[in-house]
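Shared between the two complexes below is subunit A, which has subunit B as its partner in the first and subunit C in the second.
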Partner chain A sequence: MTTDPTLTLGVPRQARSSGAARARPVWAILTGPYALLLLFLLIVPLANVALFSIHRYSPTKVALPELTFDNFRKIADLYYLRLFARTLKLGLITTVICAVLGYPLAYWLARVRPRLQAIGMFLLIMPLMVSAVIRIFGWIVILGRKGLLNEALAALGLEPVRLLYTDTAVVIGLVNVFLPFMALPLMAAIERIPPSLEEAARNLGASWYHVFCRIILPLSMPGLISGSLLVYSISISAFVTPALMGNSRERMAAQQIYDEVLVSFNWPSASSLALTLMLLTLGLMFSALYVTRRAARLERRR
Partner chain B sequence: MSSRASLLIAPVVGAIYLGLLAPLVVVIAVSFGPSAAFAFPPAGFTLHWFAEFFASDAYVRSFFRVSLVVGVLSGTIATLLGTAAAVGLVRFRFAGREALETFFLAPLLVPEILLAAALYLFYARLTIQASIWTLLCGHLVICTPYVIRSVTAGLVGMDPRLEEAAMSLGATRAQAFFKVTLPLLRSSLLSGAIFAFIISFSDINLALFLSGPQSTSLPVHIFSQIQWQGDPTIAAASTMQIVVIGLMILVVQRIFRLRLLV
Partner chain C sequence: MVIADGIELEVEGLTRRYSPQVTVGPISFDVRTGEFFSLLGPSGCGKTTTLRCIAGFETLSAGAIRLQGERLDDKPPHRRDVGLVFQNYALFPHLNVFDNIAFGLKLRRVPKLEIAERVGRILRLVDLSTLTERFPAQLSGGQQQRVAIARSLVLEPRILMFDEPLSNLDFKLRIQMRDELKSLQRRLGKTAIYVTHDQTEALVLSDRIAVLSHGRIEQIGTPDEIYERPATSFVAEFIGSSNLLAATIVERRGEEATVVTERGLRLRCAVEGQASGEGAEVAVLIRPERVQIKAAENGGTPEDNCFPARIVTVTYLGEDLRLDLELPAGQMLQGTLKNTGAARDWVPAQTVKILVDPADLRLLPR
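What follows is the complex of A and B.
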């Protein structure tokens, strides 16, 4: 049973005992520093992006003091539409594969003995914490033209495959990097399903397929939804994986933003792209947060 | 789990773990192999690439003078900021508390690459030069929420009557906190600090935008070496990062519940 600490309502109250008048400034002093940090290093920079996005681009001065919506209108150009379509498509494929792989993994982790579970968790979280560049580098060694995979195929007398710098490689990389974000919420959801439900269904003659479709899938739905939204929103803003494993001409949205900020210095255009992508992912993330909180609330009422 | 079910599922789970861990295993193996062409399995054992790593100014600087320094500073400062914020959120009632709590987790919801671009443009507008300090500021934004989560969990799981007992015996609020609460929070504090360090140490998205030529972090240096088709020194540097992070996660798992943090 996991309790998300941020959701707990049974928080001790004791401000009253020491006098509300004195308690008031104390919370402000305690929470103030990080609140200020976020104000200056999150809110103001985002507002700055919003400001850039409605300014006209100038090749000599970066941005002219002239308001325009052209930067957003330009997103409707074929080039940008295709960029976003590709990004959303690769995100969707990644999410579906993560869900398919995430279920067996999460089910195993949720039901296995505590000792094995600890090992399983370590092996899931360790790669998650290692920098994405390193995992991607590993895949480059495996999938490269003379990589491990092609050596193995050659040893079996098969034709080598060209995987690196294709969409397939990008999806492999994204799934590898983001699978834990699917498996962990799913695992939390499956842990809440009493094993007796499955046993009862099995005793009454249900096949494993039926147990999955009728019991596990519906009862773990909140986990699946929040995991999917999470994986989808981080994979559509992925940069390192497509930059190192993808084709340099067929790119994803974050690569375009990177280039426009650091290479072509078209900051107004980059800002409008970033804002569009940000609103998309924030919408998804807040839905995920809402779904988990709702599920936790329902759980508590039960 | 019934034995039938585990028989069905175990090979699938094994294959998934193989896929998850394969890149790390390959990187570590290549770093000890003699081949400059990333041959796997390695044809022998050598520490040559580690010697190359320590002989390279760029690698040594990015590891020891940038990533490690920024990581330790981020871990320390984020722990101070995050612990204060968590205590404020859990131990006090005030209007807008839940909104503030959501606001404090907001950095985890903004895609890192977009936060990085936003910070870059912000520094650019203020004409602030990239340095380890600009990188540190960015890392504090994303590291602190992990400390808040971990310390909040510790505080919620602790009996508030302990603190009340200390105060009824004459301790001031501050004394009660430092003498009673803080020692009891040791493990969640340490876990939060370690996670903050790891997030900073392995971050690439923020560092791509925020580190300057003199403050290239290890992941960014590895990134550019991969793009320039560098030699297995990349693998040696990666192995060093994997070892540092693996050890730290083992520590967290020993003293705390790992899953509260992800």
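What follows is the complex of A and C.
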């Protein structure tokens, strides 16, 4: 104990200053750098795109200082409707195939012992570590007109198949890269389901099929939804895979945007397409989130 | 107690090999119709493995399981007709109480009206009729337990099995659920197999108990037989508390034998037709509550099985008092007394006289 008044006064002051340090907005320090990055690399360019999309196109000056909604009205053309329909369709097919392939994989990863799980996860995310161009080149070698697949078919005396530069090839390529985005959230969800629930269901008379439909599927729904949203949104905005493996006339939306930006220099039109694609993606994601939130709320209230 | 003569479940040479070092079995036992049969043992003794083999979650390495004479071990788990109540209950979190209980009925394509009727009946039986809409997370431990039992019972399985169902409950609730479980099983007359490491649970609930250790059955018997006449030192030590003294038989006359412990105590014991003759090395079992403690008296003629002793410690257990006693030659012995007024007069360092009835001693193989 001390009787020095300056020291006893010093203690509360120190305490106050450290309290102020605690009150400092830590979140701003933590999120600040990324927020700045987003502002300059996403928000500003996006605002620019939005501006372009409502300006009139000029073959000589790119855009005229004249406001118009023609760029958006044009999307109602059959050509663009088909473009978006094909994009959404390929995204849907990719998502469904990823879910079908992802479930058994995710289940195995979730239930296998830790060592094998680590190896399995490494193999699963391998495609993401290989450059897109190299990976697609590999597919071209396999699927090409005189590729490995057709040579194997020929060796078996079968007709060759035309796969490369078709929608099928695009879906194969997309599934190949995006499968981890489905399998990993599914795996996380399945890991949270205690194995005893499966055994209880078996004990009550459920076959494997019923265990999947009534236990695994409903309880891993959050994983399926987040995996599907991820795969769907990155599939419909995919560019490299459809550009290198797909038909140049039967395009996906991102290819069309690329063409209009760098080939025909119609930036207003490209901007309107980009915004439409983005709004479609966001709309889908939010409605999916809304539906699941609502379902979860209803579940709790029931 | 209703025990028909019929044998419901027959386990014959059940063996589950995990590795050459880790093996459960061979285990054999019969469970009679309507009987409450417990598998009791410390963790890792193979009791849960045995249960999981019967339920079909583990495959047998050797042996056979028969339910009413019919081979069970080659059927998949969902076709076995044996109900299992899990340790953590394993209720389906996304289904409410009604749907949890109706789960098995729906799989069996029972008509809707009948499902409602049967679930309603079982809910009344376990006293949960007001909670049908609740989800498992909204139930207390005891209620979850009852839902788990109801979910199995509603399917009217031929056998109901329990895997340590009370171990997740707190003490008071555990005792309450234990008594509920017992009265439920008696009322339904359902054959039950109960796995536990808690000797009191097994003694209270069971018609018969199989005590397991290291993947083998040590003894099968009624609670009374297991406690009063344990077959091995392991059973004696595992059930209740016990004094086990290493000794040698020095004299054997009919139903009576005299043994000398390693510390030189001479004890007279009753023997029930055991083969061990003179010279055999045995363990003498003395239950602490059978050790009689009396005030020391000077002089008097020395009796059989009567020794002077010094109280080393008195441990207060509430209902009971535990006395650590030192006998001549440094032999330690534990005794327990009911916590009565007279018993509370004993204090450490006091000299007393202890007495053991020959009939209260058991000779066990060493």
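Heads up, the rule we're going with is that the second predicted complex is superposed on the first by the 250 of 302 C-alpha atoms of A that agree within 3 Å, B and C clash if a C-alpha of one lies under 4 Å from a C-alpha of the other, contacts with A are read in each partner's own complex, and residues count from 1 in each chain.
We adopt the following convention: a residue touches a chain if its C-beta (ideal position, glycine included) is under 8 Å from a C-beta of that chain, and two chains touch if they have at least 3 such contacts.
None of these values were measured; they are calculated from a predicted model.
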Subunit B versus subunit C, judged by how many residues of subunit A each one touches: B
Subunit B versus subunit C as contact partner of A:215, first or second or both or neither: second
Contacts of A:200 with subunit B and subunit C, given as first, second, both or neither: second
Partner chain in contact with A:189 - subunit B first, subunit C second, else both or neither: neither
Contacts of A:225 with subunit B and subunit C, given as first, second, both or neither: neither
Partner chain(s) touched by A:38 [first = subunit B, second = subunit C, both, neither]: first
First, second, both or neither for A:295, with subunit B first and subunit C second: neither
First (subunit B), second (subunit C), both or neither touched by A:97: neither
Residues on subunit A lying within both footprints (that of subunit B and that of subunit C): 199, 202
Of subunit A, residues touching subunit C in the complex: 194, 196-197, 199-207, 210, 214-215, 218-219, 299-300, 302
Touching residues (chain side subunit B, partner subunit A) in the complex: 1-2, 5-6, 8-10, 12-13, 16-17, 19-27, 30, 37-38, 40, 81-82, 84-85, 87-94, 100-107, 109-115, 117-122, 124-125, 137-138, 140-141, 144, 148-149, 152-153, 156, 160, 163-164, 167, 173, 198, 202-205, 208-209, 218-219, 222-223, 226-227, 234-235, 238, 241-242, 245-246, 249-250, 253, 258-260, 262
Subunit C to subunit A touching residues, read off their complex: 55-57, 76-80, 82-84, 86-88, 90-94, 96, 103-104, 107-108, 133, 135, 151-152, 155
Footprint of subunit B on subunit A - complex, ascending: 2-3, 5-6, 8, 10-18, 23-24, 26-31, 33-35, 37-38, 41-42, 44-46, 48-49, 52, 101, 104-105, 107-108, 111-112, 118, 120-142, 144, 146-148, 151, 176, 179-180, 184, 188, 195, 199, 202, 208, 233-234, 237-240, 244, 254, 257-258, 261-262, 267, 270-271, 274, 277-278, 281-282, 285-286, 289
